[in-house]
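Each of the next two complexes has chain A plus one more chain, namely chain B in the first and chain C in the second.
Moving on, here comes the complex of A and B:
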């Protein structure tokens, strides 16, 4: 039995719509809510230890980047009230506000997508897509993309280890890491793409793209949309319509 | 019944005007043969097995193939341009890419092949267990397939193809990731398939082929250097000293258990530069 992923997807959609429609005062509590979900709701628990580790690491990085966005905007957009943060260094209120708004949107969008993928194992995700009746070529493409993203951190780590074994100071500090990362970027992507092609070929060699026999045709999910899914979809639609109307009408 | 395989004047280029990856190959394999395709890297071994599996033309639309292929009663002229699975099964060099990642456990990974073929999993349950036992992976049934070691992954990859019961089994360098014990296991598997399927496997070394193969093909730069049965291959063995790795010749000598003073063994030793 493939779990129904529709409520989760509807929740991601709802949060994405909110990220564009609302201002930071509403987005910040929503971000806090998203961060509580992995602890509070079993269906949002990270799927594995690795997923948990990556989820929280991503949160830390995102918060650091958000801080940088806010400060940078406060420094570049020199309008509004001047705020002296350090002797000789001033930021501007309009820039800071714009930075907070942008950072909050980015955080909510990325956290909601991350919450979905960290709590949904790739096999479950692909099975659900397959069972939904999507063409097999589309499922294969999504599968390869997810594998590509899933294997990326491990590949980077492996290349870094190989470089370290040769005495290269790739993890000596932030600058060394950044420099090393850019130098491995193209071989990393090329090798990942080559592996994705091979994986696609291997799946084809197992008949993955063959026309399925009638007995193997997946049964479409019999269960109707849950009330929660309907509520989230309706709320997303309503917020979207109101936002567009507000944007179009003077 | 395992089908015979015949290649007639097969030439294959990955792009028009380029050097042929396979050049004027004519081979005839009796059904049920276990055939080793030998040769150094770049000799066309992988191209040959991929061509037999029908994957080449599909993934290299600009490629040019000439000649004909006959598998059992099916004659392919022009060469096949679609996957011949499940009649022909191929495992790739890298066993990790053979694992789909769609399934949570090794057993379910094997079942995926049956699902794609529309077979009834309930009826096939016994076959899955038998195959897993034969490959020595029963204890891995509940393990996540992406967490297996190289040798284990190799055997699971093999199981994902064998479960379809192909008439022709193609293995691209199956022994590469295997330790000594797993190689011995592979040897048993290949021996158990003798007669039931026509098996072709590629290898850059000659120790495993010498133990299991009854037909040998040697390629060099896409051309057929040799094609013949075991007896003929052993007679010509010294001629391949420049194509097959020298470090393996010691194993050859021990596998042949030949008298070091015999003219044949002395020819091998001399050809391999071991003197």
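Moving on, here comes the complex of A and C:
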């Protein structure tokens, strides 16, 4: 039985709509709420120790970036009241407010999307995609991308070290490093095309590309929408319509 | 020919694993550029490779999936730029079909046009949804243009015009050089083998 991911997706949609519809005073409590979810709700616990580590590291990183966005806007956009932060260093209120608004929006968007992916294992996502009727070629593409994403950094590192051992100027001046970029990318592309051809032949031999007979297609039971999903979707739709109307009408 | 038929034709045989590799390349090429400390992004190099070797629909798919996966991997704003990736994939695929990847000067012109098109498509998304702030190095350029009196929309558009054409010209030239040097026995298995430049180009 594939777990129903629709309530979680509806929650991400709801938070994304809120991020665009509301001002920072409402977004900050929502951000705090999202940060509490991994501790409070079992369905939002990080799927693995690695996911937990990456999720919390990203939170610290994005909070630091948001701080930088606020300070830079307050420093460069010199309109509004002058606020002296340190002796000789002043920021401006309009820039600070603009920075807080955009940072709050970006933080809520980032945290809601990452909350979904850190708490949902990849196989569950893939199963859910297949169940939703996504073509199997696209599902296979996604699975193979995950395989390549896992192996590419190691391959790049191996080629990088091999080229360095051969005397390629991978750490020399700018022009030499730019030339070295080709000496890394060419073998990477060549080996990947060769692997693609091999995998393509394997797929053809296993009949993957043949049209599947209707009787051979797995019958997946249709799951009804849960009341929570319907409530979240309706709330998102309502907030979206009201915001568009407020934006269009003076 | 229907779009679904064309997509099926493009994604036969070795194309599916190759598109997957190109999506992963879009997502990881940043590691190479940061390891070599060169000031370019090349985040659509996989999309353009797919466009030349496979076709426009496959390239649009590769671009869209790259953005969605990037969104899942810690850059959530990327999902909102899926339309830009679709345009990049379709445009570069169409240019490749018309033989623009066979001569270096057409490649440069195509990259410049692609850059302007990408800037035009991404500016409204960046300005209206994110007020021009993308948590990236290009935010400094947007801030600079705003500080000299431009609106957010104008600032984002000027930033796009300043950085996108250069990035896309370099991306197109890299793809052109890579394709020119690939062995024919490998590239011949793809639908876009006829789009590849010869070594004398």
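As a convention for this text, the second predicted complex is superposed on the first by the 170 of 250 C-alpha atoms of A that agree within 3 Å, B and C clash if a C-alpha of one lies under 4 Å from a C-alpha of the other, contacts with A are read in each partner's own complex, and residues count from 1 in each chain.
The rule we apply is simple: contacts are C-beta pairs under 8 Å (C-beta built on N, C-alpha and C of every residue); 3 or more make two chains touch, one makes a residue touch a chain.
Every value quoted in this text rests on a predicted model; they were computed, and no experiment measured them.
Peer 1: First (chain B), second (chain C), both or neither: which does A:106 touch?
Peer 2: second
Peer 1: Scan A:98 for contacts with chain B and chain C and give back first, second, both or neither.
Peer 2: second
Peer 1: Could you let me know whether more residues of chain A are touched by chain B or by chain C?
Peer 2: Touching more residues of chain A than the other partner does is C.
Peer 1: I'd like to know which partner A:134 touches here: chain B for first, chain C for second, both or neither.
Peer 2: It touches nothing on chain B or chain C.
Peer 1: Classify the contacts of A:195 with the two partner chains as first (chain B alone), second (chain C alone), both, or neither.
Peer 2: A:195: touches chain B and chain C.
Peer 1: Just to be sure I read the superposition right, which of the two partners does A:145 touch: chain B = first, chain C = second, or both, or neither?
Peer 2: Once the two structures are laid over each other on A, A:145 reaches chain C alone.
Peer 1: One more residue to check, A:235. First (chain B), second (chain C), both or neither?
Peer 2: Neither partner.
Peer 1: Quick check on the superposed pair: does A:205 touch chain B, chain C, both, or neither? Answer first, second, both or neither.
Peer 2: Once the two structures are laid over each other on A, A:205 reaches chain B alone.
Peer 1: So in the superposed three-chain picture, is A:71 touching just chain B, just chain C, both, or none of them (first/second/both/neither)?
Peer 2: In the superposition, A:71 touches no partner, neither chain B nor chain C.
Peer 1: For chain A, which residues belong to both interfaces, chain B and chain C?
Peer 2: 143, 147, 195, 199, 201, 203-204, 209
Peer 1: Quick one: in the complex, what on chain A touches chain C?
Peer 2: Within the complex, chain A touches chain C at residues 20, 54, 58, 62, 65, 69, 72-73, 76-78, 98-99, 101-103, 105-106, 109-110, 112-114, 117, 137-138, 140-145, 147-149, 152-153, 156, 160, 170, 174, 177-178, 180-182, 184-186, 188-190, 192-197, 199-201, 203-204, 209.
Peer 1: Where on chain B does chain A make contact in their complex?
Peer 2: Against chain A, the touching part of chain B is residues 53, 55, 58-59, 83, 85-86, 89-92, 94, 97-98, 100-104, 112-113, 115-120, 157, 160-161, 164.
Peer 1: Under the stated contact criterion, what part of chain C meets chain A in this complex?
Peer 2: 8, 11-21, 23-25, 27-29, 31-33, 35-38, 49, 61, 65, 69, 71-74, 76-77, 79, 129-131, 133, 135, 139-140, 143-144, 146-147, 174, 177-178, 181-183, 186-187, 189
Peer 1: Going by the contact rule at the top, pick out the chain A residues touching chain B in the complex.
Peer 2: 121-124, 126-127, 130, 143, 147, 150, 195, 198-199, 201-210, 212-216
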